[in-house]
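Letters A, B, C and D mark the chains in the order given here, with residues in each chain numbered from 1 onward.
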Amino acid sequence: MSVSPAPLRVAVVGAGAMGADHVRRITTRISGAEVTAIVDPDTGRATAAAELAPGSVTFASFEEALEAVELDAVIIATPGFLHEPVILPALDAGLAILSEKPLSDTVESSLRIVEAEQKLARPHIQVGFMRRFDAGYLQLRELVERGDNGALLALHCAHRNPSTPPNYSESALITDSVIHEIDIVPFLTGEPIVSVEVKKPRRNSLAPDGLVEPQFVLFETASGTLAIVEISVNIQFGYQVTTDAVFESGVASIGRAETIQIASAGQIGQSVTPSFKERFGLAYDTEIQRWVDAAHRGEIDGPSAWDGYLASVVADAGVLAQQSGKKEPVTYAIEKPAFYETRQSLATAPSSATA
Amino acid sequence: MSVSPAPLRVAVVGAGAMGADHVRRITTRISGAEVTAIVDPDTGRATAAAELAPGSVTFASFEEALEAVELDAVIIATPGFLHEPVILPALDAGLAILSEKPLSDTVESSLRIVEAEQKLARPHIQVGFMRRFDAGYLQLRELVERGDNGALLALHCAHRNPSTPPNYSESALITDSVIHEIDIVPFLTGEPIVSVEVKKPRRNSLAPDGLVEPQFVLFETASGTLAIVEISVNIQFGYQVTTDAVFESGVASIGRAETIQIASAGQIGQSVTPSFKERFGLAYDTEIQRWVDAAHRGEIDGPSAWDGYLASVVADAGVLAQQSGKKEPVTYAIEKPAFYETRQSLATAPSSATA
Amino acid sequence: MSVSPAPLRVAVVGAGAMGADHVRRITTRISGAEVTAIVDPDTGRATAAAELAPGSVTFASFEEALEAVELDAVIIATPGFLHEPVILPALDAGLAILSEKPLSDTVESSLRIVEAEQKLARPHIQVGFMRRFDAGYLQLRELVERGDNGALLALHCAHRNPSTPPNYSESALITDSVIHEIDIVPFLTGEPIVSVEVKKPRRNSLAPDGLVEPQFVLFETASGTLAIVEISVNIQFGYQVTTDAVFESGVASIGRAETIQIASAGQIGQSVTPSFKERFGLAYDTEIQRWVDAAHRGEIDGPSAWDGYLASVVADAGVLAQQSGKKEPVTYAIEKPAFYETRQSLATAPSSATA
Amino acid sequence: MSVSPAPLRVAVVGAGAMGADHVRRITTRISGAEVTAIVDPDTGRATAAAELAPGSVTFASFEEALEAVELDAVIIATPGFLHEPVILPALDAGLAILSEKPLSDTVESSLRIVEAEQKLARPHIQVGFMRRFDAGYLQLRELVERGDNGALLALHCAHRNPSTPPNYSESALITDSVIHEIDIVPFLTGEPIVSVEVKKPRRNSLAPDGLVEPQFVLFETASGTLAIVEISVNIQFGYQVTTDAVFESGVASIGRAETIQIASAGQIGQSVTPSFKERFGLAYDTEIQRWVDAAHRGEIDGPSAWDGYLASVVADAGVLAQQSGKKEPVTYAIEKPAFYETRQSLATAPSSATA
């Protein structure tokens, strides 16, 4: 009679909406992990999050947590510019790391993280691109890999938010929103993005003063696959993410159907999810569960720090393209290290893929 | 710093396909529980299931398991006629019990179980009607409760399986298959079923010799809501469960859309799930997680033994209606005991509801 | 250089909404016909309709029209009890006849018409069951005939109207509304209906006082195909006609999709047609065009008086079944005369089939 | 008693597939017109087409037809470079003219036609952009005009053909295929196109040697509305035309649903139309009927020669953009003459809009 593995002891750094959501998730829905420490300089937020996780302790800084409690892993849900100061000591401590996107706020910082990680024997960092765990994207990638309809030639992507939070800037269209497509295009195609261009159609008058949106962002991958991403962030009606993938002999679409259809008052239709939480809630669950499972095996099973670095380079070029109005090349400072060669497993597609 | 609750120690009785699936589920996807014992007189099946759960021990009988290891809970996944012999000692031992449907194989046995349970201070038994945890059915029930479109007047249900296992009998159409609608109709309407009638259309020539199907089963609830259930069990194309709910001023439909749409070879469409496992896999996950969570609180959070008893009474009347060709009344031997008055919570609708 | 055939000179009898619609249709959208006479004792209605058709003349009675102008054909759009007094002289005059449904108001009258028609050399009467010209029903019948998915075993039909006109009676549920399914079931299956039964679920409180609806009407055909028809006539949200056809190895559905989808205000969906005119407007166009084309050839190309007689027998049994609450057999007084053996052509499926 | 108007006497010039289709359409489905002359230097084709239209006569040239028979109207279905030699004498003869797209093969020729037409008292030429008569596009334009969801900001268009005829060139992607979107974008937005740019993604290996496709064509209108058109012409699976219109507070989609849904062999889905004839057959019917109706009134009721000229200017810029890889401005040589100010009526939306 062997013994069940002890739960992964996780620190959650950042107790805002996303961090608190992860605390709740790990405590109530994730197997094999428990929240041991909650780190936030805002004591009120930290305490509120701790109430969701019996047995957790709050700290004002990650260093204090590292010293005070035994940790196996850390989830980082702070703003991007605060990621590196947590990731580097977490690497030193040999923790399993899940960093919410972006990996860091600058290409330089991302590169430092990638270099620091390579001093370890194996990758420890996973980046929180949760769409890779969404049933639709997984089915789409399987379709690309099976090649049933030939090669993938182009992608029409739409990424629509009902409204923007205060202080949302034009560059955030790329770095906060399109960053998900920046990750998912290479995930689907198996190829890096090599150029980016931005088109600005007629402005939505419902956007806050000064914000020029929607925008269309055009990405090319190494083999020429073209991805055209509509980013709309004040479209009111709901949160909607769709992809139509154009293959040589077919087209596949995701994100266009919901569970229940209602005929009422002259209309037959479906609800649209109000925010990313409802649309991708299950993907977050799957992401965290697989990260926990992999941590028990001493692995990662999701987008790596290298993927995070790639995304930061493309996002930089995208912001430049917003300003220049031209097609901007994407140039990576270094080749992909062999350290990162292992590809994310798709074998354990979650049961959610068929829900 | 409090301590995380110890995992629920679960015995899984019956190591066939369903039992093994639950072992895998608890071990890899469920938080707060672990499989401690696996019970099956077939040593090979027991051992195979035990390999899925590190730390689990196999036993040939539930009695042996009860004596040998500390248990908090039991999942029963044997054929229905073997449920009572496990449930009664499990009640004596004060375990949390999840019985796969049906609660038992006869109305009399179901009644004995309900009576035995009432000797305890609170309900301990949950019955495995997993559709109550499916996002679609939950959304439909919310719609009924909100009353946006007036009262629910009628339900068109279709329950389609690609093919039948060997020895599947005509009565199994009711007791194995339509049993899910027998549970879900009261769940949706909040009312008991009061009559049942069976119509037999033209026979499917692809059914095994002697099996007369499809059949249409008509249920009436106390207020007159009519549910018409098509049960088809050799329809080849896949596993499909749909419901169209007719309200006073609208109609709601579930089960008609899947995640990815593919245009290929002259067709645009979606895959149909091949079996109940893919269609309701996520509902099983949610069911078990909520059962585990409630067990930690000393509660149940799903269909009760009383619901199981009700279903067995309706199923009995349904089998009679298959034979008589007439509308058969459904008569319950006892009133609902106050013991079972607490209604299943819908408050903690799973995140899957919006995926 | 041959000469184009002269347009069919048509009298329209009955200048209410339906008659006026046919006047407009023939004048503006139908090739090879013109409205010559408009018959209505209500002079105002007749004159209003005549303004839609340049060159048409109004009459207070069909006899006057027959005497005054040269006619090739007549469309009858009066209430059913007024059909026979027009059909019989029109047969005597050898006109091509299109009678709106029902053929007549009683089985006896329908039978008299069928007998009178057989004194002619060939069928002259077509009955206005326009669904036979709807793209969806045509595709469904083709699917039945091709047998791709085996035999047709059962049909789930829903027939929903937003509200009822004044004085709509319970029997009208059968004789005015379900009459369309009474025609379409034999059209799809190629078999007569042999029994009918009515189930009354919980009453819609939005129905006018005294009207018990919705109702479910169950039809069996000769080979046992079961058609279950939901008739709802005060369901508010719109006019919707759907059919799910259960085959041995597949299911086909019509009436569930519309042209444009709109995402707005938290919903993504489609408009529902407000009335039968929008839903079946194109079917009416096709029906009339094919009737005109066939009249030029000296044929009919649609449901015959025999089909009208069959429908009236089934409707009679349906009204009886509403009252008796039992399954009522449908008995036809006579065998199908050889005179009516020619089956309606499906070869010239309208271009609308693919719109 | 007034007299019905005599049918419009139509010459069809060009008896290839499209011309023959129009002959069949006018003869069998269109009210108020008849084919009097069929013109084609290929006697076999002319004779074959004439067999479809009783009373029609064949001619080797349009001049011969003009001299030999009385004509009211002409439909031109020859290759574009042969349009001007028919249009100019037809204008001289005062005929109602329907020219299949393009109006002519060069901008210069189009301009000559526009100038010649203005010598008449009113427009006589309609161009065969049939999509303006498609129910989906009409509903979309109504939505733009009603402004329910604010201004139209962007359009995602997909235009997919299963395969190309022999000798289909890269410029034909613009001049033969995208020409429909070139017309429909101003139709929907009410604004001219001011720039065009072409993006070439990874090439479809199923395209004939030398043909680089798919391509994405980006159009900007005067107010900045961006239309992105995917043109794929060897995508095998069928003919599919979809549009997703992005408004300030909503999205509308057309072309994504068909009439019948079939669940069979693990799939649930719909047929895709094999060619433009099935997809737009009804739009052609409506186009021709409204052209005939307007001709009887001495008007045109569809896209004018001016629309044809605009399209030819944009197509020219598009072909340039294919070669340059840059955004090309679209410059119109002349302002819109007051002669063309009357806007196409939408009031008489066809009944097909709701089928």
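The working rule: contacts are C-beta pairs under 8 Å (C-beta built on N, C-alpha and C of every residue); 3 or more make two chains touch, one makes a residue touch a chain.
All figures in this text were calculated on a predicted structure; none of them were measured in a lab.
Think of each touching pair as a link: the shortest run of links from chain B to chain D has 1 of them. When the interfaces A-B and A-C are ranked by how many C-beta pairs touch across them, A-B comes first.
Taking the mean of the C-alpha atoms as each chain's centre, chain B and chain C sit 45 Å apart. With each centre defined as the average position of its C-alpha atoms, the distance from chain A to chain B rounds to 35 Å. Centre-to-centre spacing of chain A and chain C amounts to 57 Å, using the average Cα coordinate of each chain. Chain contacts: chain D has residues 149, 236-237, 240, 249-251, 256, 258, 261, 263-265, 268, 270 touching two or more partner chains. Chain D makes touch with chain B in their complex at residues 236-238, 240, 258, 261, 263-272, 274. If you check the complex, the residues on chain A that touch chain D are 149-154, 156, 158, 160, 199-206, 214, 216, 218, 220, 223-226, 228, 230, 232, 235-237, 240, 244, 246-251, 256.
Chain A makes touch with chain B in their complex at residues 1-5, 7, 27-32, 34, 54-57, 135-136, 139-140, 143, 148-149, 249-254, 256-265, 268, 270, 273, 277-285, 289, 293, 351-355.
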